[in-house]
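Presented sequentially are two complexes of chain A, the first with chain B as partner and the second with chain C.
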Partner chain A sequence: MSHSFAQVWRKEVLLAYALLLPSAVFLAVFTYWPILRSFWFSLHDVMLGDSRIFWLGAENYLRLLDDGLFWKVLGNTAFYTLTTIPLSITVALLLAVALDSKLRGMSIYRSAFFYPVMIPSVAAGMVWVFLYAPGYGPINSALEFLGLPRLDWLYDSAWALPAIVLMSIWKYSGYFMLILLAALKLVPSDLYEAARLDGVGPVSRLLHITVPLISPTLYFVIVIGLLHSYQIFDYVYVMTQGGPADSTNVLTFYIYQNGFQYQDIGYASTIANTLLVFVLGLIGLVALTLGRRVHYMGER
Partner chain B sequence: MDNAVNMVSATRALPLSSRVARWFSKSWKHFILTPLVLLWLSPMIWIVLTSLKTKVEVFDPDAGILPAVLNFGNYPATLSVAPFGTYLLNSVLVTGSILIAQLVTITLAAYAFARLEFPLKRLLFSLFLLQVMFPIYAIFLTNFVTLREFGLINTLPAMIVPFVASGYGTFMLRQAFRQVPSELSDAARLDGCGHLGILWHVYLPLVQPTLIAFGIISVVTHWNDYMWPLLVTNSDSVRTLPIGLGLLAKSDSGADWTRLMAGTTLVVSPLLLVFVIFQRRFIDSFMHTGVK
Partner chain C sequence: MSSSKFTLSRRKFLAATAAIPAIGLAPGLIRSARASGPVKLQFMYPVGVSGDINRIVSGMVADFNAQHPGIEVEAIYAGSYDNTEQKVITSLGINEPPSLWLPINSALQTFLGLDALEDITDLAKADDIYDDFLPGFLNTCISDDRLYGLPFQPSTPVLYYNKDAFKAAGINKAPDTWDELFEVAKAVTLRENGELKRWGLTIGGGWHDWMFECYCRQNELVPWQKDKVLFDRPEAVEALTFWKQMVDGGVMPPASTWQGSANDFLAGHTAMLYHSTGSLTNLRTSASFEVGVAFMPKNKTYGAAQGGGPLMIAKNQSDEKKEASWTFARWMTNTENQAKWSRATGYLAVRKSAWAAPEMQSYLAEVPAAKVALDQSQYAGAFLQVPGYHRVREHLKSALDRTLAGEIEAAAALTEANNNSNREIQRVMRRQQS
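For the complex of A and B:
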């Protein structure tokens, strides 16, 4: 009896590994091997298309510390992440709260805010280059119409990165809004009713009832936002090529420049490792600060 | 019944001003949302309007927002400068292959994680989940070197293989499999079904909504993907639609917005059309990706 049980168990284990094999092979080759190899490259002098490899030790990392442009790029990346995510989540939350009731035309509104997610990043980037055009772009025409000064947007090193942030809010708020809408549906409406009867205003209802109750989802949206923020590469590549004066150069683009334009795989890998640490660090930070304060309805 | 009738006539009898006030208190949201919606739609409207203008109109400050005459000539002009048919075919092949490969790998792996016991299960599951944190944007460089060594640069498989395994999809499907009551699989086992039979006949039909949701997200992601296809292709025969559009922009260098916006309309419209037709499905898929 126990013998046959062991046999059945062994068969199940074999089956499990066989089922995992296809995924595991591709995960190993295209996710985990590159991370290990990237660390290995960062300790060497490696050129693209050259099979020779020379040991450098920590030299690439020391070079990184001395590289003024790297610190600027890191700052730009932090600026983009730390403005785009809070701003687009705030917009998303306000939209979601506005759409949450049995509003007429709700599905039209929802789709109108969501459709930018369906547009390829290259197309979105290109259209916004046109919209931001200093001479004939409609945004400047609108500013002039409102009596505001015209801006050089993507040609002005002070405005280029904020311009990409604005575009990103347009592109991603709708996605975050949808996820938040799903969470809002689960908030019991009698809570609002009770608060309203107690004379609690709409702003404090939002801050003290809605936000705590949907905090697990907000937390999740922040993590998704962090992962989406990588996509800024596409916009930088299409809209500015990192310029003017490296004011829109970000980590992913700087990796590309070093690896593909200067063919310096060793140094580019060093920056790529920094990017991984940067993103994992941010996610860890979010988990430790917000994750702890998340309010789970029901269990926990 | 009488009361209800009385109430209706009472509402009718209210003075106009308070009826307006009541109507306003019910629909004030529309006054905020409608301008916002127009703002959100304006880039898309701008794309389409520009594609119907003439070159002169784009740069003429007095020309107004609407094209004076609808000029459809930009569309054939765009199609004649780049092989959009080839790009379209490549996009379909790449996106379709990724989807099919992913559905196979995630189904098998999710079943193992949901229903089987084996050593190192937790460690392996964490390794699958962790993939979500390492998207192609962070590891593209070494993947490029690897594919070069495989001799796959500038081929369709180069755009497919890095995405065959999906930690995210495995996670989604495992959650769905765990919702399936175990009585169902026990009954199938008594009928002589093996694990693979149970997976095929019991589990897969029951998790169809999850498969569709994952499929939609996968297709949207890879159909629109820009960076990776850009890096691994260097000839028109393997390029996808977004890469073709990017090239068109480069060659026009901003001078011919009408042709470029016609190209953009062509590239954007297949997915937007499918979205408009299957709106509810799309919205549901993206909506519930966030709810665990």
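For the complex of A and C:
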């Protein structure tokens, strides 16, 4: 009996490995191998279009310290992350709370707010280039109508990055809203009723009931948002190409520039590895701080 | 029923298995069949100016294919110059370059560094290339006395101006010096209640590093040598300081884009524009006002940097393809086609015989503006032909942008760009020497 149990067990383990194999192969070939290879490249002088590579040791990493643009790019990326994530999640939460009711026609509003998520990012970028156009753009016309000064938006090194942040909030809020909306459905309504009977106002209800109870989802949305914001490339490529005066150059775009415009694959790999360490560190930080405060409705 | 289905599919499966070895042989069969068909060439090209260039190039390639049954050229539009060069370099990386491509002439050293270019000196000498091509254009494709490309669409920037706007401001001729440029720009800038309606001058963004070299040359400085750049020289600092003064004076925007600036000019949002002569035909025919074309104003002298691109032929391909590539490059640059191409775009025809052709002569009589860039090209030299060109021009553009945005002083920005650029040139040369 025990013999046959061991046999069955072994069979199951083999089956499990066999089922895992395809995805393991994919991960190995398309994720782990490139990471290892890019680390190897970062220690070399590697030029796109040329098969020869030369050992450099730490030279590429030392270059990084001396590269003013790299630090500016890092700052831009941090600015983008630290503005886009809190703002788009706040907007998403408010939208989700507002739309979490059983009134007629709510699904139309939900679709409307989710709609930007479905627009391909390149098309969205092109549309916003038009919206932001200094001369004839609708946004400037609206500002003028309200008696506010017109802005040069994407042509102004002070406003270009905030302009992209604004557009990202428009693009991502709907996505976060949808996830948060699903979480809101799981909050027991008797809690709200009890609070209402005790005379608790809507703001307190939001902060002290809704937010703690959907905190696992909020945490998930923050991590996803973090990953999104470090991968921002398409808008920069389509809308500004990193300009004006490098004010919208972000890490992924800088990696692309170094690797494909300047053929400097070694240096591009160095920046990519730095980015990897950075994102891992940041997510670790978020897990250790925010992650600790997540409330799992008695499932802990 | 179901069992008969099963046997059928099993039979199919067996048949398919049996066919695999035969399919494995098929590439060989296909290849030998192809040998008797036309030679297929891929040709990657950019659109570097304003206008419907894509349609014109596709039309020329279609004509070539119709006239040459033994050759089939596939025209691949690859975006901007930078995009095109990237695509070619990436395909060189996997040893499958296109047969021909059309980069900016400044990329010559980059492609030579990759050992990618076919040396066409002997073919050209046996032909009439050295006699009939204008030497200034041919020089942009020569390195160490060897020829690596046939100039196809040379250009210089020119000064376009809105004659109606000039007339309204009481000005009847184009500015001839930097000082006049500034004065005229002030006069034609239009503000209503403090709100800007029209800039006096826009320097086409995206290629403003090219315009900047023109300004350096107007100051009697060629801002680069074979192995270094000279961006930190006083002549260059003076040029950038002059740009900054125009921005501070409220007559010129601190930043613009390449296609956007041409559209702004057409829409009347800027009265003067520095742009490539390759945009001439489009600007002239699309504008609702009369377009003037003039030399770029001088400071110490007139000066311009040669832009535009040559046709380059890949070294790493079969002799049969090289031969066909030469036929194609030769055809694209023959007298008749160059005269036609120049009229359709505003790019400069590369051959003396094309300029002398009767249809070109009558065109010039009708549109004298088409000759401005040719006359100016006697003051022109190649643009920034240094190793590591792509990063060097990014360093320069960054210095220009940040200065005009008011983030840094001209001298400090140019010194930084100079040092960064020279470090990059050293890095690339170290590689090539080892």
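One rule holds for everything that comes next: the second predicted complex is superposed on the first by the 284 of 300 C-alpha atoms of A that agree within 3 Å, B and C clash if a C-alpha of one lies under 4 Å from a C-alpha of the other, contacts with A are read in each partner's own complex, and residues count from 1 in each chain.
Heads up, the rule we're going with is that a residue touches a chain if its C-beta (ideal position, glycine included) is under 8 Å from a C-beta of that chain, and two chains touch if they have at least 3 such contacts.
Fair warning: this is a prediction, and the values are worked out from it, not measured in the lab.
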item	value
Touched partner set for A:82, first chain B, second chain C, both or neither	neither
Contacts of A:285 with chain B and chain C, given as first, second, both or neither	neither
Partner chain in contact with A:130 - chain B first, chain C second, else both or neither	first
Partner chain in contact with A:182 - chain B first, chain C second, else both or neither	first
Of chain C and chain B, partner touching more chain A residues	B
Chain B versus chain C as contact partner of A:34, first or second or both or neither	first
First, second, both or neither for A:26, with chain B first and chain C second	first
Which superposed partner A:245 touches (first chain B, second chain C, both, neither)	second
Which superposed partner A:150 touches (first chain B, second chain C, both, neither)	second
Chain B versus chain C as contact partner of A:269, first or second or both or neither	first
Shared contact residues on chain A - chain B and chain C	48-49, 135-136, 260
Residue ranges of chain B touching chain A (in the complex, touch as defined)	27, 29-30, 32-33, 36-37, 40-44, 46-47, 50, 58-59, 61, 65, 104-106, 108-109, 111-112, 116-119, 121, 124, 127-128, 131-135, 137-146, 148, 161-162, 164-167, 170, 195, 220, 223-224, 226-227, 230-231, 241-243, 245-246, 249, 254, 257, 260-261, 264, 267-268, 271-272, 275-276, 279-280, 282-283, 286-292
List of chain A residues in touch with chain B within their complex	9, 12-13, 15-17, 19-20, 22-27, 29-35, 37-38, 41, 48-49, 95, 98-99, 103-105, 107-124, 126-131, 133, 135-136, 138, 141, 170, 174-175, 178-183, 216-217, 220-221, 224, 227, 230-231, 233-234, 237-238, 252, 255-256, 259-260, 265, 268-269, 272, 275-276, 279-280, 283
Residues of chain A that touch chain C when the two form their complex	45, 47-51, 54, 68-69, 135-136, 150, 152, 155-157, 243-247, 257, 260-264
Residues of chain C that touch chain A when the two form their complex	82, 86, 89-90, 92-93, 110, 113-114, 116, 195, 253-256, 264, 267, 269, 388, 390-391, 394, 398, 401-402, 404-405, 407, 416, 424, 427, 431, 434
